[in-house]
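First chain written, first letter: the chains are A, B, C, D, E and F, and each begins at residue 1.
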Amino acid sequence: MYAISLGDDGAELRPLEPWHAEEFLDNLERGRQFINQYIPFGSRVTDLDTARETLQRYAGMRAADTASYHGIWLDGKLVGGVLTLAFDAEQGTCEVGCWLEPGATGRGLITRAMRVLIDWAVEERGIHRVEWVAASGNTPSIDVARRLGMTRDGVRRAAHLHHGVRHDLEVWSVLAPEWRAAQARTAHNER
Amino acid sequence: MYAISLGDDGAELRPLEPWHAEEFLDNLERGRQFINQYIPFGSRVTDLDTARETLQRYAGMRAADTASYHGIWLDGKLVGGVLTLAFDAEQGTCEVGCWLEPGATGRGLITRAMRVLIDWAVEERGIHRVEWVAASGNTPSIDVARRLGMTRDGVRRAAHLHHGVRHDLEVWSVLAPEWRAAQARTAHNER
Amino acid sequence: MYAISLGDDGAELRPLEPWHAEEFLDNLERGRQFINQYIPFGSRVTDLDTARETLQRYAGMRAADTASYHGIWLDGKLVGGVLTLAFDAEQGTCEVGCWLEPGATGRGLITRAMRVLIDWAVEERGIHRVEWVAASGNTPSIDVARRLGMTRDGVRRAAHLHHGVRHDLEVWSVLAPEWRAAQARTAHNER
Amino acid sequence: MYAISLGDDGAELRPLEPWHAEEFLDNLERGRQFINQYIPFGSRVTDLDTARETLQRYAGMRAADTASYHGIWLDGKLVGGVLTLAFDAEQGTCEVGCWLEPGATGRGLITRAMRVLIDWAVEERGIHRVEWVAASGNTPSIDVARRLGMTRDGVRRAAHLHHGVRHDLEVWSVLAPEWRAAQARTAHNER
Amino acid sequence: MYAISLGDDGAELRPLEPWHAEEFLDNLERGRQFINQYIPFGSRVTDLDTARETLQRYAGMRAADTASYHGIWLDGKLVGGVLTLAFDAEQGTCEVGCWLEPGATGRGLITRAMRVLIDWAVEERGIHRVEWVAASGNTPSIDVARRLGMTRDGVRRAAHLHHGVRHDLEVWSVLAPEWRAAQARTAHNER
Amino acid sequence: MYAISLGDDGAELRPLEPWHAEEFLDNLERGRQFINQYIPFGSRVTDLDTARETLQRYAGMRAADTASYHGIWLDGKLVGGVLTLAFDAEQGTCEVGCWLEPGATGRGLITRAMRVLIDWAVEERGIHRVEWVAASGNTPSIDVARRLGMTRDGVRRAAHLHHGVRHDLEVWSVLAPEWRAAQARTAHNER
């Protein structure tokens, strides 16, 4: 029922919910190899039941206000999404993340969706620090952090074991005042 | 983050979530006497803690896909809402309901919001039968059912004890084909 | 240990408990086709484990005072039963229901057992409204409601999807004063 | 609804359930000092809420088939009860116990109720060993064990701390064949 | 990380934890027939998953302070262990038990480990009564009780069904003053 | 029962468990102001009940193998402790932390205890990356990280809100090969 337009190409952001299990499974099956190169997102989803279970787990976290998952629909097809994680309204901190199937890359969908999400976190929910974590080799992910105006806080060495390989994890962040200043500059430039 | 415009007067429908506790409490305190004349909606909410608990309970039902609560904001103020209850996607049935503070009545807010909600239930979620339950004496509520094109299925005698009085409960419903036909007629008339 | 005689033919009403799993499975296997014509009662029970699980679920509801299941034994064999559902002592309302294997029909067992159950609900537990729900085509079930002196409150159109078919659900009820008057008349006539 | 006559004086055994909270509280308040001389039975029950909680806990154990609580009603008043504990149908073992307010002693109520309970455990549920545990100084309790034909298995020294005093616990038991033989003798004598 | 030396042969007592699943499984597989002659200890453990589940269950009991499991390592190999059960700090009572693979018998490992365990229970945790339960035919187990200076409290007839056979259970115990006196005598003799 | 000597001054490391509630409360009350300058450790502990609850929560985490809490006893008095957090054996990562009352500082207790803990994590549990997190202003804590041979990975800006002030969080770490090399050097030097 709820949808936010992401631009003129018909892309939309919508809450991702348990009843989207079939679409979520299809999305993951089209994108699995690409999505799971650096992160295990959706790796437990192998059929309709596990898709439902995973979305149910997300729904539980949303109810607890510790995470929120939002799908990106392009031409009526779920192609990826953005999410908050470790959301802590009292501390004013959260992590954000994303996934996208390869056929939908190159259009700035993640950056557009992320702007909506961070704006909501900062302006509606009072989040002060938004964090982005990416494996050092994951250039596209790090590029998104840079495009969102984030700063690199450091590198947690050897912090993530994935497919048998230890990856360094870059930690980027944007603070509320930085976000607002950047939004103001963008608005100014777009006039 | 998500919002659906309900018309030119700026009224909006948004998911009602645990972090709205303060606004929800204010809304109930302004409308309690009016809202609780026939139904116990929100009657456990007496302070911020109980507001949060109640919204948390709603969030749990939403995660379980058995109910969904949506607030109506007018001029940035939460004035009421609409909801699904006993939502059963497999059976294709649900109940719908509403609440509104007295200062926001007379503008058709509930009818407008309900149209969005029933449309979603029928068209996106495959609900076949949408039910409306109202105490026999609750004329405004029964008028909404009528305006939504519902049919009276019967009267469950003495089914509801409220404030020490036994009320008959009228059961109204609209089936998916009826809903679609009515929407088509409206669309035709509005051309 | 507990048993209530239902008459001279040795029929008895007893609490149905988890340790009756084997008898319950046998009862359902003899009656499945007949019992499940209009309702899904016991449809999850396919072996001893699922029989135990189902009875365990019933036991949980009994502990929570929201339902109670009672078996009917005829010649030492479990042939069916009666039950309360949606039992709400505070509201003074409950639903009642039943199941019976075909070999035990035609003896008035359900009507006899139901009289004991409704009497308990009304006289011992303070229930004001006892509801009976049956698919419109389920004539034997509707006949029981009529024999128990119930009134038809209405028809919830298309409310039940069973085996791929949508059924209307008739709602019947008897209120405490009506029940007492009927019992008094019966007692008078039986003198 | 269910009741078993314990004799000509109108005493009855009935399942003790959460909705008996008020009667249970009254029973305990009349008998507390007497009942709690050697055992902490019902000591958490100090008002209606704790009475309900305690009965709810018993109901949970009954649902799990690990215990069962049965009240003794005399002239329509709950005066005590008998219970199974540590009920283990697979092992074929259980413990039995009782409580009684002082005004109802001297009539053999416990012995009568216990016979019904042990008979059910042995004959209907296949229990092989029924155990009775009593503080060494609790002569009335030990007398019941003796009257039920039990044998003293031993004394668990210093096993029970109650009101600051360490009590030895006598363990008595009756095995299924012994129970049956005793019942047969009694039946023979009563002819 | 924690370890208590049990003597000059390098035997050590350590907390047994979920991450020991593989060693625990190996220990049980070497000792199963011997260990399970009279008791079902570890009988649910048939592979790595069930070993982990069982140790997880033990860990839960340890967290609840109702039991504690301690492994005995000999030459770096887990060969058996000792445990507290039904640990009740408020009552000042607990049961103790053990298991050992046959290759490690004859060295007094259980007696040595049990001394450490009972000492801790009595001196650090304030346990007044330590109980030992063994099937009447289990001579090695009864010999340990005797060596620990315990007294036979009685025989719970037919209390344990194991592998289709009913066993009498001997109950032995040592009280805190008895334990302290025995330790003092031992210390005196060892001078 | 378990204890590890931390040196010649009698300092010992022991598992911290729910039954230490009284000692834990005393330790926190002596050190609260000092301990809570930068971190909220133990801030929920205000009496014996909350001390027990907190230790119970720790015990649950230990049972789940996600954390472990170890007290430091000096002259038989609990003066502080060390802990693992976010322990993930599959990923081979964990965080470590500590607390100490002011009267016990200046003796290297934390460094000594931490060496035992990290050694266990690395050598017995296969942890590859051990992380240390400290507010930028918390010089004593950062000094410990340095003394343990850790490297600064970066600074998570404004990541911690404590007593109304936003603190930057320094992230330090030591990897298993680094730890082993440092231990080897130390052993060499101590010859």
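One rule holds for everything that comes next: a residue touches a chain if its C-beta (ideal position, glycine included) is under 8 Å from a C-beta of that chain, and two chains touch if they have at least 3 such contacts.
Bear in mind the structure is a predicted one, so any value in this text is a computation, not a measurement.
Here the chain-to-chain distance from subunit B to subunit E, counted in touching steps, is 3. Under the touch definition stated at the top, subunit D and subunit E share no contacting partner at all. Comparing mean CA positions across the assembly, the chain most remote from subunit A is D. Comparing the centres of all chains, each the average of its CA atoms, the largest separation from subunit C belongs to F.
Its C-alpha atoms fitted onto subunit E, subunit A is found rotated by 120°, rounded in steps of 5.
Across the two interfaces under comparison, A-F and A-B, the one joined by more C-beta contacts turns out to be A-F. Centre-to-centre separation of subunit B and subunit F, using mean CA positions: 52 Å. One simple way to say how far apart two chains are is to compare their mean CA positions; for subunit C and subunit D this gives 32 Å.
Counting partners per residue, subunit E has no residue that reaches two or more other chains.
Taken as a graph of touching chains, this assembly forms a single closed ring in which every chain touches exactly two others. If you walk the ring beginning with subunit B and heading to subunit C next, you pass the chains as B, C, D, E, F, A.
Only residues 90-93, 128-129, 131, 151-161, 166, 171, 173, 175 of subunit D touch subunit E when the two sit together in their complex. On the side of subunit B, the complex with subunit A involves touching residues 1-4, 14-15, 17-19, 56, 59-60, 62-65, 89, 116-117, 120, 124-125.
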